[in-house]
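Note that subunit A is present in both complexes that follow, paired respectively with subunit B and with subunit C.
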Partner chain A sequence: MNELATAAPTAVVVLGLVGAWLLVGGLGLLRPNAVGWVARVLFPLGALIGLGVAAAGVAALLPAFAPQRLVLPLGLPDLPFHVRLDALSGFFLALLGSAGAGISIFSAGYFRAGEGTAPGLLCLQYHVFLASMAMVMLADDAYLFMVAWETMALSSYFLVTTQHRLPEIRRAGFLYLLMAHVGALGILLCFGVLHGGSWEMTFDAMRASTLAPFWMSVAFLLALFGFGTKAGLVPLHVWLPEAHPAAPSPVSAMMSGLMLKTAVYGLLRVSLDMLPGGPWWWGLLTLALGLGTALYGVIFATVQTDMKRLLAYSSIENIGLIVAGIGLALVFRSFELRVLAALALTAVLIHAFNHALFKSLLFLATGSVMHATGERSLGKLGGLIRRMPWVAAFALIGSLAIAGLPPLNGFVSEWLLLQTFLQTPRIPHAFLNMIVPLGAAVISLAAALAGYVMVKFYGVIFLGKHRESSLAAARDASWLERIGLAWLALGCVLVGAFPQVALDVAGRVTQALVGATVQRGPSPWWMAPVAANQASYSGLWYWVGLLLATGATYLLVRAFYRGRTRRTAQWDCGYPWQTPRMQDSAEGFGQPIRHLFGPVFKIEREVPLPTDAAPKYRIQIEDRFWAACYQPLGRLLQRITERMAVLQGGRLAVYLLYSFLTLIFLLVCVL
Partner chain B sequence: MPAPTFATQVLQTLAGALLLISFAMLAERRSRRLVTLLIWQGVVLVTSTLLVAVTAQQPHLFFSAALTLALKVGVLPWILLRLMRRLGIERDNEPLVNVPTLMLVGLGLVVFAFGLAQPITALATTVIRQTLGIALAVILLALLMILARRKAFTQVIGFLALENGLFFAATTTTYGMPMVVELGIALDVLVGVFIFGVFFFHIREQFDSLDLHHLETLKED
Partner chain C sequence: MTATVYFWQIGACACAIALAPLFAGWVAQCRAILQNRSAPPLWQPYRMLRKLFRKEATLAEDASWLFRGAPYVVFAAMVLAAAIIPSLTTQLPAARVADAIALVGLFATARVFMALAAMDIGTAFGSLGARREMMIGFLTEPALLMVLFNAFLMAGTTALPAIVQNTLAQSHLVLHPSLAFAAVAFVMVLLAENARLPIDNPSTHLELTMIHEAMVLEYSARHLALIEWASWLKLFNYACIGFTLFAPWGIATHGVSAGGIALAVLALVAKLALAGAALALFETGSAKLRLFRAPEFLTMAFLLAVLGLLVHLLLKA
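What follows is the complex of A and B.
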């Protein structure tokens, strides 16, 4: 082990930290029902390990770092586990560790006794989930990758079904597990194609294998299918809006913020690292799927009334943006425009990192709100900014970031993505030249709608009046929860303020993947990824300007209106007899979008008559894909299995006959 | 082709006897007679193993023969007869397929087995060549017997006949398996019969009968 440690010190450190995660999980089983032990000791410990993983990931991103390999003395005989730490895995490890640390600290204050699974068991599942995600990023052969991937799916399945006594949660869990396995099948087949007949399962052998163009495309499509299922690409997204809300909030945060990123990692690893190059239609297909997903996700997010479902659909939108960026990178790479591919990839990486931060932050904030109020339906919340000022402040940062507003981090990545789209005229292909810029319009639409969604999310939960009188008793989050939220919010602010650092870090990865980096520009304070005279942005200067303007306004208002400010009821509009039920509701807020994009939804609505004494309004919005793709598939499967059931008549003699005939058949084959 | 020696001829006669016993088992309905036939099959096996041991000078086959004698002529029939008495089994019901049809199918299987064994016997250098086909036929006939019978008890006898066929194939074509393997198989068969015995009692307790069609009610719809 000594020579290993000297040959690959960072990788050994990461493996040790992964082992420590597993150990912490195992310690949870010592006293499975002791909430204090699990929450106050083990989860903070897990958070510390997360910081270590992040640090190791950052170390792998330093300029002097060379990829480190290890062959572990684990696995099957003659099929050991291979581990490799390079810039790409380092980047995603940094993402996993840093966001995971925030979620762990929050969880320390969040988990309580008596909610489904015992805390100790939950702690084990949680840390196995984290460790398996780290192993996915470290794996350097298909065998270890699939083992880690399936461990990840299973541990998260158990976390989703924490409250397994509720039938709808069991149903959501089953759907998730089913889709996870279908996706894993795609990935497995993809690796099966990639080894190119050599039957070597290491990624190195797959990189070296030469495939016919047809098989390369097959491998790519399988990877897109497999990782797309995990990422929630439309139409493979159906599990996501069910599973994310079913899980406890920290788990939703992990699944949305971290686990979806393993799919992004896998897609990058296969399509850009292991497949040497491909035709441009790969990129176009990925781009189209990504754009469709982004638009679809955000449109559905606008009409949701459950706050966690809303965030889940918003995750679909963000994954769509990320996948669209990967598509662009593939298009550019197929035309050997390496710098532009690097630009697209930079946007992808930064957006993945940002999404891990702000989506985790928002899911955790919903967790605090749910604990404080017991409500998750937007129709029963409101006015919580007075009761939960800390959570409200952090959620505001998250909402602004996800809406893509400067000077926060969401703006940086979306701006970079748009910049990339603006470079498409440089593609030497007339057709693509015209088609791809349309994507920029879709991205802008999605970004604007995302802003709309966040206004709804934040406004309905935190602003206005309490829609239920019980909300007046809501208490703010505990200090451990606040630390977790603050950590993630700090990340949003820092990436927004110093985007040029993020650009440099992503550059290490793009150098490894497409052999080019994006220059940050001549000035250390400004980011000019394309050319300084075309577009440049400085988060820090924006912050300075914003703070100066706000401060000046505040001082001016104080100076001129001293003693003349007064507090009144919110949304009053001069009408003094209004009740909290007269406020704009979540349904009402989404109505214009529902109207505009009517054909997208499958709406079931009950509108009361004006004469109704007890009026009741009910609306149910469903996914069209469910009825169009999945139900026919399910019916087909049902029919086939019913046919197959005939084989299982229950008669022993018939079963014996099957074995007998099989034997005779095999003997005939030998003959 | 050199003229077959006396020992070879005797061995072929024994192989023929084994096949004949298999057919007899296929047609027999009384449980007690089935056990008797099983004992006869064991005796034939012991004789043939001794013969191979002498002609091919394979001393370890003497141990095999002794083991077979003790197990297949002694212990197993004793257990089976005891079970029969305890469970009050007299005769099996009518087979699922009537006996003449079963015989015809069995003939077809013998032809198939000989055809199957032909390329292998052409390569074999051991004393006995034609016996492999017979051994395969015995195995297939035993499978057919398991398939066609209704009662669990008869199926166990079929299972033991199957094992006899395998043993015969092993001794005559390759001078027996390694001692360790043979001991292991003998132990397996013994344990298997014990477990079957336990199952008999359970099945009878549950359904008041050893007729296996009662198990069909266990299927979930």
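What follows is the complex of A and C.
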């Protein structure tokens, strides 16, 4: 082990930290019902380990770092685990560790006894989940990758079904497990194609194997299917809006903020690292899927009435943007435009990091709201900015960031993505250089709709009057929860203020993947990734300008304003009988979108008659993909299994005959 | 050299802040003349500001810090936007901080804060206005970006000063078909974004049809003054974006001399006078659309801009 430690010190450190996560999880079982022990000791420890993982990830991103490999004496005989730490793993480990640390600190204040699974067991599942995600990013052979991938799916399944006494949560968990395995099958088959007949399961061997173009495309499509299922690409997204809301909020934050990124990591690893190059239609397909997913996700997010479902659909949108960026990178790479591929990848990586920050932040904020009010339906919230000022302030940062508003971090990745689209007319292909720039129209539409979603999310939860009288008793989050939220909000602000640093960091990864980096430009203050005189943006100066202008306005008005300020009743055009029910409900706020994009939704509506004594209005919006894809598939499966059931006659003699025939068949095969 | 550049940067900002109410007054005057009403004086907006800054401010009882802070943020966003747009000179240090995409982001920031503030009191009209404003907003923002994309692709840059220099460097006047499409789309976006007819009526008193006005119903005195000023600045900024993209003549480019700036101010005033009169004429001639016809109007703007993009990519024109 000593020589290993000298050969790959950072990788050994990361493995040690992963082991420490497992240990912390195991310690939870010592006193499974002691909330104080689990929440006040173990979860903060987990957060510290997360910081360590992030630091190790950052170390792997330093310019002097060379990829480190290890062969672990674990696994099956003759099939040991291979581990590799390179820039791509380092970037995603930094993401996992830093966002995970915030979530863990929040969890320390969040988990209580008496909510489903015992805290100690929950602690084990939670840390196994974190550790398995880290191992996915470290794996250097298909065997370890699949073991870690399945551990991740299983541990998160148990976390989703924390409240396993509720039937709808069990159902959501089952759907999640099913889709996770369908996706894992795709990945497994992809690796099966990639080894190219050599039966070597290390990624190095897969990189070295030469595949026919047809099999390369098969491998790519399988990877897109497998990782797309995990990421929630339309039409493989149906599990996401069910599973994410079912889980406790910190787990939703981990699934949305971190676990979806393992799918992004996997897709990058296979399509850009292990497959040396491909035809342009790979990129175009990925781009189209990504754009479709982004638009579909955001349109559905606008009409949700459950705050966690809304965020889940918003995750689908963000994954769509990320996948669209990967598609652009693939298109550029197929034409050997390496710098442009690096630009697209930079946007992808920064957006993945940003999404981990703000989506975790918002999911955690919904957790605080749920604990304070017991409600997660938007129709029963409102006015919480006065009861929960801290959560409201952090959630405002998260909402503005996810809406892509400058000078926060969401804008940086959106800006980079749009800059990439502006370069697409340089593609030397008569058809592509015409059609791809139009993707920018979809991106800008999705971004504008994201603003709509976030005004709805924030406005309905935190602004206005309390829609239920019980909300007046809501209490703000505990200080541990506040630290977790503040950590993530700080990340949003910092990435927004120093995008050029993020550009440099992402450059280390793009150098490894496509052999080019995006320069930040001549000045340390702005980032000018395309060319200094063509496009530049400075987050820091933007902050300074905005704060200066706002402050100066405030001071000037204060200096010259002569009138007093008086608190009175609201005016509302002199209409005196205002009740909280006259505000927009969540359904009401989404109504214009429902009207405009009507054909996209499957709407069931019950409208009361004028004569009804007790009028009731009900509207239910469903995904069309359920009825169009999944239900027929389910029925087909049912029919086939019913036919197969003939085999199960229930007679012992017949079963013995089956075994006998199988034995004969196998013997014939072997001989 | 650098000191003068920063001086003119601040000067351009101050010029925008000072001229914006005048421009709004001019549009109102033209409208009144065209509609056979006796016109308010040109400086009516300044009088209104003075009045509002003297009055006692009333705040609803449950107004939060967001409600009180939003007018300042909205006003600051519009001032920053004025700092980025090369209305007088292309030597703008601020334009390096934020390019045209960030400019769209600034407008979006202002809109989001306005909508959030409108929802804060929890009145029926407030949330109604916020919802409508966001609906108009999500339709105009992509359309505006597509208009800008036309200019970006033509000039190969997203920096507004460079776009102006690129246009002015051309020795003879070229009419680009793609820019013509973009110009029409831009005018449609301008009308919708600035709450003008046919999308919204700036002088309406009928609450049920309001969009922008419904959001600011709860504001009074200094807050209302800032919001009104910000919306005049927004109209001014939009007009200036139009000039930079489609009629940049007169903007000082090479070096900044006092003479060049004086000429630029004159050109700007002349262009504003023309644009204001045209806006008033258009508004007089059109009727307000039903709310759910507005998306059709804006989808058309979006499609026109995309069409311009296609024309550019297909014909390289």
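One rule holds in what follows: the second predicted complex is superposed on the first by the 644 of 671 C-alpha atoms of A that agree within 3 Å, B and C clash if a C-alpha of one lies under 4 Å from a C-alpha of the other, contacts with A are read in each partner's own complex, and residues count from 1 in each chain.
Everything below uses one rule, namely that contacts are C-beta pairs under 8 Å (C-beta built on N, C-alpha and C of every residue); 3 or more make two chains touch, one makes a residue touch a chain.
This structure is a prediction, so every number in the text was calculated from the model and none was measured.
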Determine, under the contact definition given at the top, whether A:L62 touches first (subunit B), second (subunit C), both, or neither.
neither
One more residue to check, A:L667. First (subunit B), second (subunit C), both or neither?
first
Based on the superposed arrangement, let me know which partner A:Q648 touches: subunit B (first), subunit C (second), both, or neither?
first
Is A:L166 in contact with subunit B, with subunit C, with both, or with neither (first, second, both, neither)?
neither
Dominant contact partner of subunit A by residue count, subunit C or subunit B
C
After superposition on the shared chain, which partner residues are touched by A:L657: those of subunit B (first), subunit C (second), both, or neither?
first
Of the partners subunit B and subunit C, which touch A:Y452 in the superposed model: first, second, both, neither?
second
Both subunit B and subunit C contact which residues of subunit A?
none
In the complex with subunit A, residue positions of subunit B that touch it:
96, 112, 115-116, 119, 140, 143-144, 146-148, 150, 212-213, 215-216, 218-219
Subunit C contact footprint on subunit A (complex, rising order):
382-383, 385-386, 396, 400, 403-406, 411, 415, 418-419, 422, 425, 433-434, 437-438, 440-441, 444-445, 447-449, 451-452, 454-456, 458-460, 463-465, 526, 533-538, 541-542, 545-546, 549-550, 552-554, 557, 560-573, 575, 578, 580, 582-584, 588-589, 591-593, 595-596
Tell me, which parts of subunit C touch subunit A in their complex?
53-66, 72-73, 75-77, 79-80, 83, 94, 96-99, 101-102, 105-106, 108-109, 111-112, 115-116, 119-128, 130-132, 134-135, 137-139, 141-142, 145-146, 149, 152-153, 156-159, 162, 207, 217-218, 221-222, 226, 292, 295, 302, 306, 309-310, 313-314
Once bound in the complex, which stretches of subunit A touch subunit B?
648-653, 656-657, 659-660, 663-664, 667, 670-671
